[in-house]
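Both complexes shown next keep subunit A, but they swap its partner, so subunit B is in the first and subunit C is in the second.
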Partner chain A sequence: MLSLNNVEVAYDKVQVLFDVSLDVQAGEILCLLGRNGAGKTTALKSIMGLLPLKAGSIRCEDQTLSALPAFEVPKQGIAYVPQGRGLFSELTVAQNIEIGLMVKGSGSDTRERILDMFPRLRERFKQRAETLSGGEQQMLAMARALSMEPKLLLLDEPTEGLQPSIIALIQDVIVKMKQQGVAVVLVEHHIDTVLAIADRVAFIENGRCPEVVSIVELQNNQGKIHRYLGIN
Partner chain B sequence: MEFGPHLLLATLEGAIGAAVLALMAVGLSIVFGIMRVVNVAHGEFYMLGAVIAWWITSLIGGHPAYGFVVALIVAPLLVGAIAALADHLVLRRIDYDPERTIVATIGLLYVLQQLTLMTFGADARPVEAPFNKRIALPWFENGADGFAMYWPWGLSTTTYKLAVIAAAVVVLIGLWLLMTRTRAGLIMRATQLNRDMALAHGIPVEKVYALVFGLGAAIAALAAVLIVPIQQAHYLMGGDPLLLSFIVVIIGGLGSIPGTIVAAILIGMSDGIISVFFSPTLAKILATLLVAFVLIFRPQGLFGKRES
Partner chain C sequence: MSTSSNTKLKALGLHLSIIAVLAVSFLVLPEYHSGIIARVLILAIYAMGYNLLFGYTGLLSLGHALFFASGMYGLGLAMQYLNAPPLVGLIAGLGFAAFVSAVIGFLALRTTGVAFMIVTLMFAQAGYLTILLMGEYTRGDEGFVIKQSQRMIAGFDLSHATNRYFVSVFLFGFCLLIIGWIVQSGFGKTLVAIRENEERARMLGYNVQLHKWIAVVISGTMSGAAGAAYALLFGYVGGTFATVQYSIFPLLYVLLGGAGTTIGPLIGALFMFYLIDISSEFTSAYLLVAGVALILLTLFAPQGIAGMLRKRVIRWLP
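The block that comes next holds the complex of A and B.
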């Protein structure tokens, strides 16, 4: 579905990603794990075309994403929930979802299906995004992404700062997407979430991807988590 | 003329100035709000609108209304297209960098101004109003015989001046509906709020910027077409409205359309009234002083939001 081939990314003269190669298949959850500043968010932004590549290429199915202008990337079926949610804060819940629906020209059926997944948003439909609680904002960010009917979902710390019930809801939605054949690239610091839902884990360290392991391998060798994240 | 009727006359003149200023400043405000570009050339788009209106009306014979109606449609479209072209050729190439766009639009200001001078000359050009019937205005006085209405000499306005105010109100309402009720407005607001996430939702941000820059310039040109039968077209006419527009946009809050309209009414009316009773220079001094106070005590403007 998605493959990064020898990707290098730099902010001006400061290189952040070095020779990163990754792939994720349809119906798979790949988690990027690494310390702060390792380059995980940069990897997601470069997939979305928000950062230009210095070298390498990014492909999604038959399309070379890195050759497209950034606004064409979501039209290939790729949705992105950034760290901090990236909501259009002064727009309402309805308008945020409407912008997601516009990508594929989806209609009210899709909107209703999304709102069924997040009933709380139905109650807040006319409310401005900036007035929602943190959990509701994360639901809206997910709902907006799902309203694009993606085949690849990029999630940057979707459970950060949320209460356990909302984390469980977000996890359920991610698993549901996977079951529907959506590929998911997840940047996540909650190890419990990673172990619960990921299929594979790619460790990112100082802008490189030294190792990709299956979740079973990681469960059997949790020393890797200590090695790459410095936690037990 | 007594003080009361004189004040009414000054208020009417101020209202015309406020109406045109509101249009001009809203154009500047949407460009800054959505693109973060301080468009120093905005006054020249206004000037171009007026000069093109004169050119069109001088080409079309017959009743003045024919030429004026054509100018009202063609001048904003032409100026909007010129602005969109400038966006494509200049602003996009410097990646809309806030500092460099200021320098670039200063350059654009001189290019447009000097090209106009070379093409149309330095003379002030009149445009005949499509209709201009004088309307005498009454005044009321509570005298010895009770409340009485009379018609003071010189207290009058024209149908055209009232039409300018009405047209500005209609355009501003239309712009508000465009921004709040249409898909195009939703896309523009999303781009304003978060450029990267707009891109991540398939919005062609550079096209939106070209459209917004063109729209801002077209609104300025429309304001100029409306005012040119009252003021005349001249290649240096963009300076004062630009200064007042910046004052209005800063007081109202950068990027805030409601704030811009309220500030335009405040500044336009006070400019008109102070100019009539004292001097236009004093009006500009007070407006600039007000900007200084706003920048010191409420830098985000009356309706703007403080950057988090």
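The block that comes next holds the complex of A and C.
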């Protein structure tokens, strides 16, 4: 589905990613795990075309994403929920979702399906995004991404700062997407979430990807978490 | 019926009611006031064009006088030197304004923020200086008059106060319905998304640059339509309309009336026009009164009159 081949990215003269190669298949959840500043968000932004590549290429199915302008990338069926949610804060829940629906010209069926996943948003439908709680904002960010009916979903710390019940809801939705054949690339610091839903984990360290392991391998060797994240 | 269709119907109802009230008002308004309203409606068209770019797209232009003047001179020069009939002149005005806004939009949109403001201001100044430079044809600041005999459409005298009033209402109504339709369309919603956050809109798959350029062209063409209508209805074409002052006016109308609302430009133009008209009866420092009113509105209703209405009463106002 998605492959990063020897990707190098730099912010002006400061190189952030070095020779990163990764792939994720349809119906798979790949988690990028690493310390702050390791380059995980940069990897997601480069997939979205928001940062130019210094070297390497990014492909999604038959399309070379790195050759496309940023606004063409989502049209390939790729949705991105950035860290901080990236909502249109002055607009209502309804308007935020509608902007997502318009990308693919999806109709009310899609909207209803998404609102069924996040019933709280139905109650807040006419409320401005900035007046929602953190959890509701995260639901809305996810809802807007899903309204684009993606085949690849990029999530940057979707459970950051949320209460356990909302984390469980977000996890359920991610798993549901996976079951529907959506490929998911997840940047996550919440280890329990990673262990609960990821299929594979790619460790990112100082802009490199030294190791990709299956979740079973990680569960059997949790020393890797200590090694790459410095936690037990 | 979906919420969206319901909102669209309510908005259409409101716009049609405003047009109807304006038309009926002629029967009760004294001649002096109907003359003012006709002028205000044309300036409100100008402000509506400006509002699409500033209020809905978030691009602050200081050069819209150039688009207004393009429409005005497109029509005026065609009628003055080519003896074009009014409708052909109107098309020439619209065409010229569309062309000028397309070119300036293409160039100015290479910049953002304050730079965009400055670049549009510079283009407008260059346009004004061009009008002065070509004074042999444009008559510079002095301008020229379009003869009454030329301002006739099939025996319908556009210089007559009654006709002028109803043509103003018709043109204003037409533009209000167009703007209402645009801002509630997918295109209009995308403009709002761009206003809120360009990068997020791009991240969702919208071609931000193209949308902004189209917004400049529509905005410039509508401003040009106002300029052409002004020349046709009031029979005067002059370089004064290309000065920076005429770029500031629509900004003030929109700020006062409510940026990003369809009815804000009309409210702002009416409010400003009458504020100056009434205060000038009492003092020669009427601009000071206008300034104080602006400060008060900015302090107590920063979203403008219609913006405040939308926040507190009419939440569905487009």
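Definition applied: the second predicted complex is superposed on the first by the 232 of 232 C-alpha atoms of A that agree within 3 Å, B and C clash if a C-alpha of one lies under 4 Å from a C-alpha of the other, contacts with A are read in each partner's own complex, and residues count from 1 in each chain.
FYI, a residue touches a chain if its C-beta (ideal position, glycine included) is under 8 Å from a C-beta of that chain, and two chains touch if they have at least 3 such contacts.
All of these numbers come straight from a predicted model, not from anything done at the bench.
Participant: Using the superposition on subunit A, tell me whether subunit B and subunit C clash or fit.
Facilitator: clash
Participant: What is the contact status of A:Ser108 with respect to subunit B (first) and subunit C (second): first, second, both, or neither?
Facilitator: second
Participant: For A:Asp172, using the defined touch cut-off, is the partner it touches subunit B, subunit C, both, or neither? Pick first, second, both or neither.
Facilitator: In the superposition, A:Asp172 contacts neither subunit B nor subunit C.
Participant: With both complexes superposed on chain A, which partner does A:Met48 reach: first (subunit B), second (subunit C), both or neither?
Facilitator: both
Participant: Touch test for A:Glu217: subunit B only (first), subunit C only (second), both, or neither?
Facilitator: So A:Glu217 meets neither subunit B nor subunit C here.
Participant: In the overlay, answer first, second, both or neither for which of subunit B and subunit C A:Asp19 touches.
Facilitator: So A:Asp19 meets neither subunit B nor subunit C here.
Participant: Overlap of the subunit B and subunit C footprints on subunit A, residue-wise?
Facilitator: On subunit A, the overlap between the subunit B and subunit C contacts is residues 48, 50, 69-75, 80, 82, 86-91, 95, 98-100, 102-103, 144, 148.
Participant: Where on subunit C is subunit A touching in the complex?
Facilitator: Per the touch definition, subunit C meets subunit A at residues 2-4, 186, 189-190, 192-193, 196-197, 199-208, 315.
Participant: Mind pulling up the subunit B residues that touch subunit A in the complex?
Facilitator: Touching subunit A: residues 183, 186-187, 189-190, 193-194, 196-197, 199-205 of subunit B.
Participant: Quick check: in the complex, which residue numbers of subunit A touch subunit C?
Facilitator: These residues of subunit A touch subunit C: 48, 50, 69-75, 80, 82, 86-91, 94-95, 98-100, 102-103, 108, 125-126, 144, 148.
Participant: Which residues, counting only subunit A, touch subunit B once they are in their complex?
Facilitator: 48-50, 69-75, 80, 82, 86-91, 95, 98-100, 102-103, 144, 148
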